[in-house]
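Notes follow the structure.
Chain naming follows the written order as A, B and C, and within any one chain the residues start at number 1.
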Amino acid sequence: MNTARIRNIRIAFLVLAVVILGGVSLFGNEYIKLIFMLFFLYMSLGQFWNLLGGYSGLVSLGQQIFIGLGGYTLAVTTVYYGFPLWLGALASGVFCLIFALIISRSIFRMSGVYFSIGTWVVAECLGIWFNNWRYVRMGQGMFIKPARHLDVSDVYYIAMAVAIVSVALVYYLMRSKIGLALMAMRDNPGATEVCGVSVFKNKLYCFLISSFCTGVVAAVLYMNMIFIQPDQAFGIQWTVALVFIAIIGGIGTIEGPILGAFIYVILQQWLSDYASISMLILGVIAIVVMLVMPKGIMGTLQRKIGFELLSPRRYL
Amino acid sequence: MKSGSILEVSNLSVHYGELLAVEDISFTIEPGQVVSIIGANGAGKSTVLKSISGLCAASSGSIKFLGEDVTTSKPYHTVAEGIAMVPEGRHIFPRLTVRENLLIGSFTPRARKNSDKNIQKIYELFPILGERCDQFGINLSGGEQQMLAIGRALMSEPKLLLCDEISLGLAPVIIKDIYDKVHEIHNEGISIVLVEQDIKRSLKACDWAYVFLEGKVVLQGSPEDLTEDAVQKAYFGT
Amino acid sequence: MEEYLQLILNGVLLGGLYAVVGVGLSMIFGIVKQVNLAHGDLMIVASFLSMVLISTFKFLNLWTVLILVVPIMFVVGFLLQKYIMMRVMDKGMEPPLIVAFGVSIIVQNGLLLLFSPDARSLETPLAIMSIKVTNMLYIPMMYVVDFCVGVVVILLLHYFFKKSFWGWAIRAAADDEQTAQIMGINTNNIYALAMGIAIASAAVAGTLVGATNNFYPHTGPQYLIIAFGVIIIGGVDSMMGSLLGGVILGLAQTLGGKFFGPGYQLLSGYVLLLILLTIRPQGLLSKARRAD
């Protein structure tokens, strides 16, 4: 495809996105806005899982570490210390960053599947810890009172901003030197290291960025949920959702989580009365997608038609 | 069709993706023959062996073993039919003992029945393997590993033995020893294909030789008719 | 004093159970180089299957039900590997992981639909029996059964891998797939066989777990982590390592529960796991050295 056509298609998609978002913002009812809000947040979380699993080869099964910590930081700072919500969300990010830095020393010694299981075990530990920690009201959970005044459309706008920033961040990150190093590293870690790129450092940056951002997104998510409880906050179901979002859409692509989150949220809403059936269907979809197109929907499309909407590649 | 040929390869071509590794090769092996395939790196020698054993799929042409078409057969099928392979680089199972390595060679139902008898034969042929039967494969020297690889292939009671670079990386004394054993194996009535880079050695051991260059047969003949000089020229394509 | 003796005994005996939970995962990890994230869930399937069979056919007990459950789960594992996992095996690290994850989700939610989220357990007279050692020291009968069955399963597998043609074939395929093929081994079937055996061992574990503890449709992942702990401690090469791994993990849990309170029983096992992962990322007994 020639560059002019690619540019036209990009502009068309951009216009379409603006029209949809603008339309929903102006004319959407509460329910539509709720769905879009969930879509924004899950999409953002999916982007940051993808940053690890798709681009850095760090298949994390423990993103709920940062979702739980983010949510709890928001709860503790706003309820106990009277932080305003925006500052609470920022604190969530910072706290997640610090925690990520602390565990990275240990977690980064593990590679491949060991990393996956290691992150998951950390999340399980936190779940048990919070269940027994009086300060956060143990297994009872916390009510995030300051957030109760927010209505759906407030959170909708916050979520939209978060989503746009997330996509832009991942896009620019991937086009930066870090992105180039990461993609080289994913394909051949040894050779990349020989070229003078520190694999460890680049992976660590990604891990830290992903942790910070996941914490912030989680805080926004909990502004809508208002209530946080350890089993739910640190549960593996978050990772299930994120893995599906990234994988079904296309691992290692920016468009992937967008499409994946859309499918996920729609499916969840459509089958909201039958939670286990919707999970069951997600499981079947994941397996079928892996069998038929292991690169995910967007990944396979990209390969077939050679077109990327938001390509991290540089054209000279 | 010449009846009685043990192996008949006709118009075989093999591709690796876009790359044409073997182009339109035909040859036959008569029962009891030792055939050498000589050629430089990348001439397609190993690829031919791999397609005979079924590890590589042929793009066109056919392979007949004892009159039966085995072109598309899987390796586990060709082994049961009587084709055994000594892979390049020996490929001993490192975490299995010598005895287990040998026994796994007789995995096919037919060979399994005689495995106890055959393993004694192997120990007679290569006494060192008998001495070291409880050692792990990884602890053997290169020469011992080569003997084990040959012994392991023989355990499947083959009619045709495909040997890929059995002298690679070994000391001359050991190479001589191994070729003596190959001669003994041949005397038992097993047909052998030797793939070698070493021109002198393989010409001495065979009844018929093919020289490969860039995926094609460029010269063939009995060792008496082939001068070393002519082979060398064909080998390098000069 | 006797209190600690009791804890240590319980921990060791529990370790036998954990060893069977982990040994199948360890096998598949070593042979097929995959982490079967559905291992714990398939184990819980066996628990439910035993429960259904025992309550349907009144003449079955904990032992006779194994005659049915083990072969059924063997077939499930065989088919899972042959028709699903096999197709993504050569596609890199993520696809097999995700497919197993998908199976895990399907199993959990399928069980939830069929059986509701209530706690279940297998009823057996063994559950209320215990062996009196001293006046203070009682060993629950079920723990003894767990340990003995665990040891038997481990020994059976050990001899299977050391002494049988199929065992050699599985180890050969694990070492070098292509060379195994030219030995006449159909490696696809061998992997399926290995998965069948792994899931059959999980079936034994599932039945024992069902008779020892409560189980829910969502208990699978918890046992998956235990199984992973067994691999981390015991390494992937050895059946005996699995046994040791199970015992260490069992001890960590009972003693951890004592020192930090009952709420932290699982936590102490997990923390031990993380520490071990940090200092020996390839397993405590594994021969493989890290290449850095």
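By definition in this document, a contact is a pair of C-beta atoms (placed from the backbone, for glycine too) under 8 Å apart; a residue touches a chain by one contact, two chains touch by 3 or more.
What you are looking at is a predicted structure, and each value in this text was computed from that prediction instead of being measured.
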If each chain is a node and each touching pair an edge, is that a line, ring, star, complete or other? line
Using the mean of all protein Cα atoms as the middle point, what chain has its own Cα mean nearest that point? C
Comparing centres built from CA atoms, which chain ends up most distant from subunit A? B
Euclidean distance of C-alpha centroids - subunit A vs subunit C, Å: 32
Distance in whole angstrom between the CA centres of subunit A and subunit B is 54
Separation of the C-alpha centres, subunit B versus subunit C, in whole Å, is 43
Which of the residues in subunit C end up touching subunit B in this complex? 165, 168-169, 171-172, 175-176, 178-186, 237
Spell out the residues on subunit C that touch subunit A in their complex, using ranges where they run on. 29, 35, 84, 87-88, 91-95, 97-99, 101-106, 108-110, 112-113, 221, 225, 228, 232, 261, 263-264, 266-267, 270-271, 273-274, 277-278, 281-282
Please name which positions on subunit A make contact with subunit C in the complex. 53, 57, 59, 106, 109-114, 116-118, 120-122, 124-125, 128-129, 131-132, 236, 240, 243, 247, 251, 276-277, 279-280, 282-284, 286-287, 290-291, 294
Using the touch definition up top, name the residues of subunit B that touch subunit C in the complex. 53-55, 74-76, 79-80, 84-85, 87, 91, 93-96, 100, 103-105, 107-108, 111-112, 152, 156
